[in-house]
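Both complexes below contain subunit A, partnered by subunit B and then by subunit C.
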Partner chain A sequence: MTRYLMQRIGQSVAVVIGVMILTFILVHLEPGSTARAVLGLKATPAKVAIFNNTYGLNRPLPVQFWLYCDHVLHGNFGISYAAGQPVSTLIAQRLPRDAVLIGISTLLALIIGVPMGLYQAIHHGTVRDDIVAGTWFTLYSAPDFMEALLLIAIVSVHFHLLPASFPGGITSIGGLFTDPSALVLPVVVLAINSVAGFSQYMRSSAIEELAQDYMRTARAKGLSERMILTRHLLRNAVLPIITILGLSLPNIVAGAVIAEAIFNFPGMGLLFWQSALSHDFPVMLGATLIIGVATVVGNLAADIAYGVLDPRIRHAV
Partner chain B sequence: MQSESVTAAGSPGVTPEGGEVTTRTGGRNLGLDDFLHSKRAMGGCAVVLLLVLFCFVGPLIYRTNTTAVNLNNANLPPGGGHPLGTDEYGIDILGRLMVGGQSSLELGFAVAIASTVIGALYGAISGMLGGIADAFLMRIVDTLLAVPTFILLLIVSSMFVLNLTTIILLLTLLSWPYVCRLVRAQVLALRSREFVQASTVMGSTRMRILFRHMVPNTFNIFIVTATFAVADSIYALSALSFLGLGPPPPFADWGTMLTDGVNDLFDGYPWEVYPALVVLVITVLAFRQIGDALNDIASSRSARR
Partner chain C sequence: MRRTHRLTAAVAAVALTTLVAACAAGGGGKVGAGSVVKGQKINGGTVTVAEVAASPNDIFPLLPSTNSNGYNGDLTLGLWPPLVYSGDGGKSVVNPQESLFSKLTYSDNDKVITIALKPWKWSDGVPITSRDFTFVYNLLKWNYNDWFDYVQGLFPVDVAKVSTPNAHTVVLDLSRSYNPTFYTDNVLATIPLLPQHAWDKTSATGKVGNYDESKAGAKAVWNFLQAQGSDMGTFATNPLWKVVDGPWKLAAFQSSGYYAWVPNKSYSGPDKPVLSKVIWTPFTTDTAEMDTLRAGTSLDVALVPLNDVRQISALKAEGYSVAQVPEPGVAEILPNFYAPVAGLLLRQLYIRQAMEYLINRKQIVQKAFAGYADPGNGPVPVTYGQQWDSPLEKAGGPYPYDPAKAKALLAAHGWKVVPGGTDTCIKPGTAADECGAGITSGEPLTFQFLFASGTESYDEQNAAIQSSESLGGIKLTLKSEPFNTLVSTTGTCNAQSHPASICNDWQLQQYGYNEYLMDPSGAGQFNTDANGNYGGYSSAEMNSLIDATEYGSSSSAFFAYENYAAEQLPLLWLPAESQVFVYKSNLAGVTPLNPFSGLYNPEVWYYTKPAS
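Here is the complex of A and B:
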């Protein structure tokens, strides 16, 4: 386990460095120069030269990369062109709000998806399984912005039940809950996207477990069906979901950008979208780096959790 | 969809010891027969064919103006000369649906083919090299997988003005890692199989093993991922256009038609939203059905070995 752990951590560090190289390359892909972007098109060549010198932009690329790493490791992601604030401040404000949105919706997706997958596995090969699978498959295939639009059309426009967009001017996490009804639609849209994946993995994992010998033993011992399902099947089948949870993080984040843009939810996704529209590169690249690192850490955490929870994995590697 | 097993010719009705004898068609473990008998796969293919006809042959039959702005005709409800109504620029929605579909389908097919070829080769080579080279090559893949494709797409599209060709290149660049991971895993499993070792002992070069044994045996993986790549890239372009970061007008795709979707719904022009939504869902669903059917065929075949 220790060896495996060290190996995984080593891989993760390599990927984090890779993500930093990627964002560094993207910084230099930016058309025009950073100096022109910050100082404006009318800046004199002297001013541009001073700017480049101050920020080390005239140094060789490897040195610049070293400086970039140094800044990033000290929490300095640059200054937003549009807001004039440090990128780290902007991200720090929004990250907790995303934790709330993504946390609630993923929890909801698990609460629906896991029992659904279990139900499908128990009835697999029957019409019930097909109906459930077909329904979620359709919802999963439908683009998430489409689901958002349809929900708005039905729930907000037609029945006036829930607000279609988030109230503006929210400054704290507590502020998210001032109008809880505004949270419903973004959470539901994000959850719908994850449920299909979770339930289908749960289904195939449970079908595999159902065929194992210990299930037959449990039945032969005369355990109640309820006991078999909760104690034996659920516990064993739910483990792979942990890995899926780690792997699906990039998808959830991408979904959050669209959902936040539609529902005006003041999180990283909305910030990212607005920065993309206003060509605010420091914000986009800072956010990309954070998302990349979060994904790597999420996957690592999922792997470790899997090893801790499943003794077979713990002793095998 | 359960597929029928093919009994070996010459031994009708006799089940030999160790179970039913099945034949394998060449190196490809994806049966054309199974595919042709799968209702899901055939249904999906039929829908795709209809969509291709609708988008590429449709405009030849249904002739209408799809680019010029005419505000006198703006926001007309369905009926009269416009079966699906007109949008806020007075452009016929049915006509635009056809033209928009052309770019969506071209993009889907191009990205699927290109990213599958690159990903399969990269994965196969990486898996065959093994050791440090494999570890290095895989960290590059991990890096690209760590950052959501859609996020990178948004960044690049805000830096440059994109057109269909650059979007195809970009999406290819971002989607091959998914194929690569799967193919590499299969190659690693194949490397220890007897027939590959036999081939090595017989003095086959690495190139020969790569193209004669690895690539054909991973065929089922990349044909499945290719169908999913079609669906995913059509969706990515539409999401990009929906967020207002797609190629500028007069470029049309189904996502562009939905950019003002929320406003259209509130303003009472639902006919400007639903047609594009419906074709988008049908397209994505059709390709996913084909992919899923292929997946089922491949896994039921490998289970029968």
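Here is the complex of A and C:
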């Protein structure tokens, strides 16, 4: 197991380095002048020269990359061209809030999706299975911006029941809860799209498990249906969900750009989107690196959790 | 009572003097600036203003050259207003009541400016003096290359000598004569006074001195203030920023763009704030702001995105009033006179004239901008309705929509006109009835038209232009790109750089509008060597006319330039969108908005309650 872990960690480091190199090359392939994009049309050649000198953009690309790597290894992601603030500060402000928002919505989706999948599996092939699956797939198929705008139109604009957006100026996790009612709509919108995925993975996995010999044995031993479902079926069927959760980690880090835009929630998604539009390379590189790390860590965590939960895998490695 | 004086470039022989009745009977200033006041005035109250994607990140009013964030001006304008206050209500005039000068005198053939300062005080009780001006001058003199608002050749480089005969008088000896209107409106109006007695230091714990009087000291002070100014965590707490001379003080600031102003109890100006607090609350996008407005929450003042102006009736039902203000700028299609083939076509005035005749600007104003736009008759917006509008522009400009004239122009210059199709040159050559230099037989009249993506009104406008141009056989291929991508390409181009290959990649562009200061001069845009002359337009006559507006003293110079530019089409004129706002109907004093000084003047706002 230890050797396996060391191998996986080594692979992860290689992937992260690859992501850094690839991202660095890609962002520098963006057409146009970075200084012009940031300083605007009024910038004189002198101001452009100062900008390029300040941020080292007048140096050869390999030198820029070397300096970037050196800074990253020292915990310095650079200064945002647009915001004038350290990238690490910008990320530190947004990442925890995204983690909370998307974490809550993921939890809600799990709470709904896992039992829903089990229910469908138990009733698979029946009208009830079809109705539940059809409902969630309909919601899953609808674009999240449409769901968000519809909910706002009905709940906020028409009935004035919940706020349409977060209050401006939230800069901390605590700020998210100054008006908890503002969390409801974004959490619901984000959860809707995840429930269908969780429930269908759970359904497929549970149907497979229900056909296994050990389930027949459990029933033959006279165990109650409740005991069979919770002790045997749930524990074995939930394994694919672990994988999905692990793969969800980068989503939490990358933010949810549409929900952030609609619900006035300045998170990682908007930060990354705006940096891409404004040629803000340090932010793009910093955000991509964080997302890359989250991806490999999520995969690694899923693998480890899988091994812990499934003795066959643990013993195989 | 409002009293407004406009500095005019009048009599050349004598000094021009603008006398200000700063404390005239009745108060003056902006109070009641045009608003219809209903109900009884309430003292106090909090107003929340929505701002989209607005995140100030620097509080020092003299921004470094690497910081182009325009929202910093919104943050600081109420704290440290400029020497010359731009705009009075919606008018493009100097507001003498709000300005820090009491008298501006131009003399010696407009080479010497004598500035008399009002006896106002900083918020800590220290008088505002000429030393505060020299502090600003000294800082800029040694650091102008690192000042974002520095314009090539202007302040402080054009100042030969500064003297201060007394504590309230500054005399500027300029290196050349200027048109007083231009210099007052576009130079002095960009310079704030800063508290030398509090800011002339090189470290947070160091003592205040006269460091700015030496080059090394001025650089050290500049660097210190720049570092402090970018420390967003201390904007509301740093003792430096507590010393203000504007009507407001900063009470709170968050890096998200949220901030709050409270009244400066020691403000010396005529308009003492009535409200007890103004909160500026940020929104990530137009959509979030509009949803919040529609949900009827506590937003009191908000800009309505152009894409959403059709929802105004719904907002009125939520208790909002509507105001609009024209953008102080010119909207255009930018032609690239150096594009390899298209440039040859675009250099022909008759082709630009035909293209302008084929733009149905009135229809665009109504359909694409729901009526909220200037018609774009020429280089100056006529919705100002003021001293800058020449009779030609007021009458609709030289090229009102007329497809027949466009077709006739093209046919008269050797083109086979194919309405709905593509015109081709059938008479190459340089004679008056031929296509023009470099245009070959069979050359099609087609252009690629790049424009900024993401704005529905622009999409509609440009689709309409594509359609109407085709009536004259001019084929436009539309392509949208993100604004920053367009800007990053266009901005590298001017008369000097145009031969470079990067400037050959585009033919026509539309990215929005070019903003003016108070004087809508063509300086910097249409002169051959102008930094903002992205299309490479060049005309000796235009250069001469622009110089006359900037350096001359003739009162007719501006109209001469304006009419020439309108006719010569260095750009293809387009309607310029207005800004549309909603504000709570019980809030008085919001209108008219002042586009020259951050739009809002909350010091004259107040709530009302119905008269009993």
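Convention: the second predicted complex is superposed on the first by the 264 of 317 C-alpha atoms of A that agree within 3 Å, B and C clash if a C-alpha of one lies under 4 Å from a C-alpha of the other, contacts with A are read in each partner's own complex, and residues count from 1 in each chain.
We adopt the following convention: a residue touches a chain if its C-beta (ideal position, glycine included) is under 8 Å from a C-beta of that chain, and two chains touch if they have at least 3 such contacts.
Small disclaimer: the values here were computed from a predicted structure and weren't measured.
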Which superposed partner A:Gly246 touches (first subunit B, second subunit C, both, neither): neither
Touching partner for A:Pro167 - first (subunit B), second (subunit C), both, neither: second
First, second, both or neither for A:Pro186, with subunit B first and subunit C second: neither
Partner chain(s) touched by A:Ala83 [first = subunit B, second = subunit C, both, neither]: second
Partner chain in contact with A:Gly117 - subunit B first, subunit C second, else both or neither: neither
Partner chain(s) touched by A:Leu150 [first = subunit B, second = subunit C, both, neither]: first
Partner chain(s) touched by A:Gly286 [first = subunit B, second = subunit C, both, neither]: neither
First, second, both or neither for A:Gly307, with subunit B first and subunit C second: neither
First (subunit B), second (subunit C), both or neither touched by A:Gly197: neither
Subunit B/subunit C common contact set on subunit A: 30-31, 149, 152, 157, 164, 261-262, 277, 279
Residues of subunit C defined as touching subunit A within the complex: 50, 53, 55, 57-58, 65-69, 145-146, 148, 152, 230, 232, 254-258, 281-285, 287-289, 291-292, 294-297, 482-485, 487-492, 514, 531-532, 534
Touching residues on subunit A, where the partner in the complex is subunit C: 30-34, 36-47, 50-51, 54-55, 81-85, 89, 93, 149, 152, 156-157, 160, 163-165, 167-171, 260-266, 270, 274, 277-279
Residue ranges of subunit B in contact with subunit A within the complex: 139-140, 142-152, 154-160, 231, 235, 238-239, 242-245, 258, 261-262, 265-266, 270, 273, 277, 280-281, 284-285, 288, 292
Subunit B-touching residues of subunit A, taken from the complex the two chains share: 11, 14-15, 18-19, 21-22, 26, 29-31, 137-138, 141-146, 149-150, 152-153, 157, 164, 250-251, 253-254, 257-258, 261-262, 272-273, 275-277, 279, 281, 284-285, 287-288, 291-292, 295-296
